[in-house]
Amino acid sequence: MTETTVRLPDTSKLVVSSSPHFHDGSSVRKIMLLVIVALMPACLAGVLTFGPRALWVMLVCVVACMLVEAICTKLQGRTCTLGDGSAALTGLLLGMNLPVTTPAWMCVVGAIIAIGIGKMIYGGLGYNPFNPALVGRVALLMAFPTAMTTWVAPRSASSPLWAGVDSVTRATPLGTPWTGEQLFSTWELFIGRTGGSLGETCVPALVLGGLLLIALKIIRWQVPVCFIGTVAVITGIAHLAAPEQVAPPLLHIMSGGLMLGAFFMATDMVTTPLGRTGAVIFGVGCGVITAVIRLWGSYPEGVSFAILIMNAFTPLIDRYTAGKPFGVISHPGREVKL
Amino acid sequence: MKDIIRLCLVLAAVCFCGAAALVYVNAKTLIPRQQAQQTALAESLFMVLPPETNAVNALELPLDKGLSFFLASDEEGRPLAVAGQGSTNTGFGGEVVVLVGLERDGRIRGVMVSKHSETPGLGTKATDRKQVKSLWKVLAGKEKDLDFPPNDYLDIYSGRQAGSFVLGGGSAEQRIDGISGATTSCQAVLAAVNRVCDAYNKNRDAIWAAQ
Amino acid sequence: MVAEYFGLIVGAILVNNFVLSRILGICPFLGVSRKLSTALGMGGAVIFVMTLTGFVTALVQHYVLLPLDLMYLRTIVFILLIAGLVQIVEVLLQRLSAPLYQALGIYLPLITTNCAVLGSAIICADSHYSVIKSTVFCSASAVGFALALLLFASVREKIELARVPRSLEGPAIALLTAGILAMAFTGFSGLGG
Amino acid sequence: MSATKEFLKGLWKENPVLVLMLGMCPTLAVSSSAKNALGMGAATTFVLVGSNVAISLVRKVVPDKVRIPCYIVIIAVFVTIVEMLMAAYAPPELNVTLGIYIPLIVVNCIVLGRAEAFASKNSPWLSLFDGLGMGVGFTLALMALGAVREFLGAGTIFELQLFPKWEPFLLMQYAPGAFFVLGFFLAGMNMLRIRRARLEGKTYTPPSFDCSQCNLCELGKD
Amino acid sequence: MTKKHLRFYGGVQPQESKIASGVAIVSAPLLATYVVPLQQHIGVPAKPVVAKGDKVLRGQLIGEAGGFISAAVHAPTSGIVKEIGSCLGPVGNQLPALILESDGEDQAAEPMSALDWPNASPDELRKRVAEAGIVGMGGAAFPSAVKLSPPQNKTIDTLILNGVECEPCLTADHRLMLERPEQVIIGARITARILGAKQVIIAIEANKPDAVALLQEKAAGTGVEVRSLQVRYPQGAEKQLIYSLTGRKVPSGGLPMDVGCVVQNVGTGAAICEAVCDGKPLYERVTTVTGTPLVAPGNWRFRVGTPYLEAIKLAGGVKTDPVKIISGGPMMGMAVYSLDIPILKNCSGILLLAADELRQYESTPCIRCGRCNDTCPMAMMPGILSVQIEKERFELAEQWHVLDCIECGCCAYGCPAGRPLVQLMGRAKAAVQAARKSRTAKKA
Amino acid sequence: MTAVFILTLIGLLLGLAIALTVHYFGVPTDPLAEQVAELIPGVNCGACGFAGCNDYVEALVAGKAKPGHCPSQSADALQKMCELLGVASEPHSEKVAVVCCSGTDQYAIRRAFYNGVNDCHSAMQVAGGAKGCVYGCLGLGSCSRVCPFGAIEMRADHIAVVHPELCVGCGKCVTACPRRIIKLVPKSAPIHVFCISPERGAVKRKVCNAACIGCRKCVKAAGEKQMFINGFLASVNYENPPDVNVVTVCPTQVLRTEAQPAAVAAAEASASPAAAATKTAS
């Protein structure tokens, strides 16, 4: 073997970095895109139920959120982070949480609050303690309660898809006091032909997306199961105790933002506990608060508030449920001096 | 020891002077304060009563808690109209107190909400009689003060016969349309008005007889 | 009766939370919430002092001020009572239990000038609560205060590690976060009557 | 000369709300409208001026050990006076909205802070202007907050409508709105100071909002 | 023998890429110059016992242990000491080194006497391990003699020979086990004798069935147990290995001996066997040279001090230019930028990565997805830790047990945000240790 | 009248309570400590070696520490403090930090692309940071992040530069630098050798064009008392610094007055050091 036939490596373009030198190829962008994909059935259901304006509302929210994020990163002198897709996802979720009649400017205000106050003031993706989309939604709810609680009836199934939004306002299952008889048939509730936010009504579409995320291990199953389960148990007990005043648990589970919240918003990894035990506590906490607000509070729906309040508990939960490192006797968080 | 006494004395002296000042101010403002309290009620009362009203007397009647009536009389002491005050706890922010001015024939002169804690800008659409003045008009000097500022919701009651009203339903006389988005507040006002009307209808004779 | 007190307690802790809804006691809320440990100590101290002062001020109100028709002196009398009580408690703690003093005592001076303490006493006086009701109300309010403080401190410890823009650092981000927390707590409105 | 200086410093350089960050409760609670802000500001200014002058007058006689209790008594007296005056002469709805925040002026750190930091060391004349400056600075900052909140939350300023079609942003009328607006005000102040520091070639680190700011107790001194 | 094994927590399954596993070990030809560092181990550098210009023979002692935790160094061939200077080491540091110019004769020095190990005393054997300059060949290069001298109060009942080789790409241990099974087994028995361990286990991952079968056959009747383990990285890390085999948990901050175990690489075992039975000191080792850019990846027996460049030449040079050259495997190896770095006693592989295999770290924030928690075999919270470390809050990191990190890289392997987690852990570990040192210094 | 009586009574009781407490439990505060504290800037930088300014003040008052350990204190304040404490005032020599490296990207070669945490300590752990010179500045700003005064600017061409007008000589950066290339020197010293590599000139030349090559020209020009050569590296004798003009003889310009050539300094001065620091922070 002569020296000349052997090609030696050129070392001038080498990269040095820390181990490990392999990676499994996952990325934030892929995760966010998958969540968006998982939301598509529910979006479609929203458009079919409420007409093309639903699409418009979601589009405005997505575009506005992305714009706000771009502007904020620019102002802060950071590189643009639109590529990770989280702003688009926040926008989509915000849109799905609004009534189909929300005017475009209100969507923009919501986007500014969601991304601006909910996320960018903390430095962007990963640092926000509260769920941005819900910050936006709750701010809109408190700022414009009338607009945010005016629900229109779903399009009649026979009218063409492009027909405008029905102007008939229709109450939501939760917004009308329970009188002992169901306002909507179970089937209507199930497929989402009720009043409500445009992306929250269709149960099968949401569950489908949620199961996809669970299968792909993007979200932990503990959160939705505990969240929905807790609501079912508490409303179930209350219903048994007072059937004329409290709706049956099935109605509670299938109405309002519970499905959307449990599968897509209480699972936002940034704002929820890291570990499995934490996920269980988080889910149960959300369920309890939701049920309490629904049954005894003055707001008809409590999912958004419940998730935001539990977001505030997240650092505490993390601290007290942090797993024991291998070979360590006590939990790390508990050792932190109080 | 000396130190201790000195400390006590200084503190006591300061308290003494302070207390003296307070007693003085208290004495001086006692009457204005009471008047201020009375005028607050009186102003609302006069708004639902006829302009000729000269004197208003609170009536002593065996009524439920939260209900009271006032009789307005003219210069010669003739009874002119009645004002009923009623309260309910069903507002969005809790208590709502209304004043209902009633003519001799049992017709409602006007309704005022004298106390509430409804959401500003939302529930207040159904409760506040506040004149909204435009800055530009004020600057141009075109804005006039109104005696009885309008309220879309409360004005529905004016001129109707005191009875039991129903929000968005009932017979034509009973029907009252609410304001969308503020249903709770409308309902609360309505409940309070109904209480007053009920009590008025039951005690009509006693009320007018009281002099 | 039970329902009434239950409503009073839930209302004071969650619905009309002193910090997040009534906006009282903001100085310590922002001031000692940088570390969870200090927040816990302060929370404990406030619960203790507010229960005590709620009871004592209600006593004085019902048995001294009201009979003598001196309600206009309530502000000055209450604040002096609070200042004196805090001082006495501090001294007693120092004397009786060193660990307790270390845990709670060092927060006591901060309490005299805390709106929440005087505020709760005045709210009780103005709402004509009975002595028992006043005590319950004050301690429930203090628990609400401690809860808000605890949550806020833990969230702030998380924010400490975030990439907050320079111009928002310090009090600005703390206030904005408190705003979101307050927004979340409005969800409880209507509970407990 | 120096009296003007003492007066002016409260307006901007040592503004109690925006710079010293004192008296947060009234600032946040009653700044929901410009009118409330003005009322609260006036009441606080009255107490500040009164207590500053009174304390400055007695500062030489009061022994150190009972200094704080004496100051509290003096401040409480002025607060009670202003409470009674307002009940007698101020518009009733103002009394309702300001509510318990008037008696709470007693524990407003601005008042006690000025008593400690200024009045106990200076002549009544200077203390008068210091109190006035601080009071006016407080009032102005409060009114700025109030105006923003009132405009956003109701579309009006001093209850006069600006645009007839304004959709009120009701959030501003509640506690969260108060936190948000003040938060952004402080961020704005920070931005100004960072800019100024940069022009001078220095760096500015925003004060950490914790007890190291205030010197009423021993916390946060480690 | 097919005892059901436990499964350690976490771990990942990277692509194996063991392309050199079928290539038999070849002894590398003699070179003209060797750069022999005096510090090829953890601890104090060896002290040179030869001077510039001296003539040395292969296997001759050239550096003696410089302290308690230190190891001797022997000449890889015969020749002249050209210089006592320094050279670049794999972590980018300067190592004291001897430059040895070969005389081409490769003359061996008088070997140490062979020991009759079944009858020699443990102390005698231990002394030989030290004299032979044996250090751990599984990566950390901890002087084996020290490891084999547990304090009096610790009894060792289990010796584990680590033939797991869970690192992707590397095949050196695999080939060694296939080609010198007797040495491995005898090495294990010698070590067990030194330690007085009753149980001896050779652990092999299930992806090397040939090695398992061969060793089982050879070990039959010797009391040495051969076990096949689940294929999961980092099965070979000692704490995880001990747990998988025995269910014992090495306490935080503790050593395997705290649970009565000692873990030793199979290569170390073979080296001990050679030192004891043949009197041969440690101056050569099996190293895998692999990677897609190479023309002919394979396994060679290199003398210590061979520059990486020579190893790459042996592998036929490259087809394409690599973008990364790694000393060790892809999960724990160190990237180097120079091919002048010599092969040390612990260098199990030289790995070249092509441009399409390059992973880039990004400093995007942690999105708290929790994958790193789920895969960290130490069950730590790398995500939370990394955020604390980025803010240089090392005291927090200490409270959250950063020192337990074994730098296996599982966390960074699956982190969707592409964060340099292992580097951050390493930074924090260094800072925490420095802080502890200064704390104890202050107390003293 | 009851009002006056009640209030005065409360005042009396409170006064009594306080007086008794003070009498029995009072801890005397030291007026001296307060005065001393006022003379300390209160930045809590820790450079004095105490856990914050308060700690130092306590030690000072207790006589356990000497004045002059606070680097941020002006000479004036120190003088006053010494008078207060009744200690002989010590000569106050103000120091500044200097980054003794000239190896910007322009001059010093990089052997590989470094991909990892933007922090000098971390880079050291990965192939030593991949800079050709193993002594040179890595330019990743560990020093700049610890400086409490924002005095260290991280330049885009990967070198740290101390702004002497902002530096108070607290020395935090000196310990923060993993390469130990920051030195504290007297503020008055006019020139510095911006290199610390002890290697031979030829070795240095291979990795850096701006290194000290140990040619002795400066020593000849300035005199043995002002400058000296240690191994292959020239050093300034800060006790007896040489004349500014010596810089002209240095062939590699490693002997300079400024950390950087004047033209660059002016252009970069507008960008704040703090802004530069946050950019490099990961």
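Order as written gives the chain letters A, B, C, D, E and F; numbering starts at 1 within each chain.
Basically, a contact is a pair of C-beta atoms (placed from the backbone, for glycine too) under 8 Å apart; a residue touches a chain by one contact, two chains touch by 3 or more.
Note that the structure is a prediction, hence the values are computed from the model and not measured.
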Check: Can you list every chain that touches chain C and also touches chain E?
Finding: A, F
Check: Where centres are the averaged C-alpha coordinates, which chain has the largest centre distance to chain E?
Finding: B
Note to self: Applying the document's contact definition, name the chain pair with more C-beta pairs in contact, A-B or B-F.
What the structure shows: B-F
Item checked: Where chain A and chain E are represented by their mean Cα positions, the distance between them in whole Å -> 47
Item checked: Centre-to-centre distance between chain F and chain E (centres being mean Cα positions), rounded to whole Å -> 41
Item checked: Centroid distance [mean C-alpha coordinates] between chain D and chain B, Å -> 33
Note to self: Please output the residue numbers of chain A that touch at least 2 other chains, ranges allowed.
What the structure shows: 11, 13-18, 117, 123-124, 127, 139, 142, 145, 298, 336-337
Notebook entry, point to check: Where does chain F touch two or more other chains at once, residue-wise?
Noted result: 3, 6-7, 10-11, 14-15, 18-19, 22, 111-112, 115-117, 122, 125-127, 130, 274-275
Note to self: If I count partner chains per residue in chain D, which residues reach a count of at least 2?
What the structure shows: 65-66, 69, 73, 76-77, 80, 84, 170-171, 174, 176, 180
Checklist line | Every chain pair meeting the contact rule | finding: A-B, A-C, A-D, A-E, A-F, B-C, B-D, B-F, C-D, C-E, C-F, D-F, E-F
Note to self: Using the touch definition from the top, list the residues of chain D that touch chain B in their complex.
What the structure shows: 32, 58, 61-63, 65-66, 69-70, 73-74, 76-77, 80-81, 84-85, 87-89, 92, 153-154, 156-157, 159-162, 164, 168, 170, 173
Next item on the list: Name, in rising order, each residue of chain B that touches chain C in their complex.
Entry: 18-19, 22, 26
Next item on the list: Within their complex, state which residues of chain A touch chain E.
Entry: 1, 3, 5-11, 13-24, 26-28, 30-31, 81, 84, 86, 123-127, 218, 220, 269-270, 272, 274-275, 318, 322-329, 332-333, 335-337
Note to self: Show me the residue ranges of chain E that touch chain A in the complex, using the header's touch definition.
What the structure shows: 9, 12, 14-15, 92, 168, 239, 243, 249-252, 254, 293, 309, 312-313, 316-319, 321-326, 328, 330-339, 351-353, 357-361, 364-371, 373, 377-381, 383-384, 396, 399-401, 404, 407, 409-410, 412-418, 420, 422-423, 426
Checklist line | Residue numbers on chain C that touch chain D, as the complex places them | finding: 20-27, 30-34, 38, 72-76, 79-80, 83, 106-107, 109-110, 112-115, 117-119, 122-123, 126, 166-176, 178-180, 182-183, 186
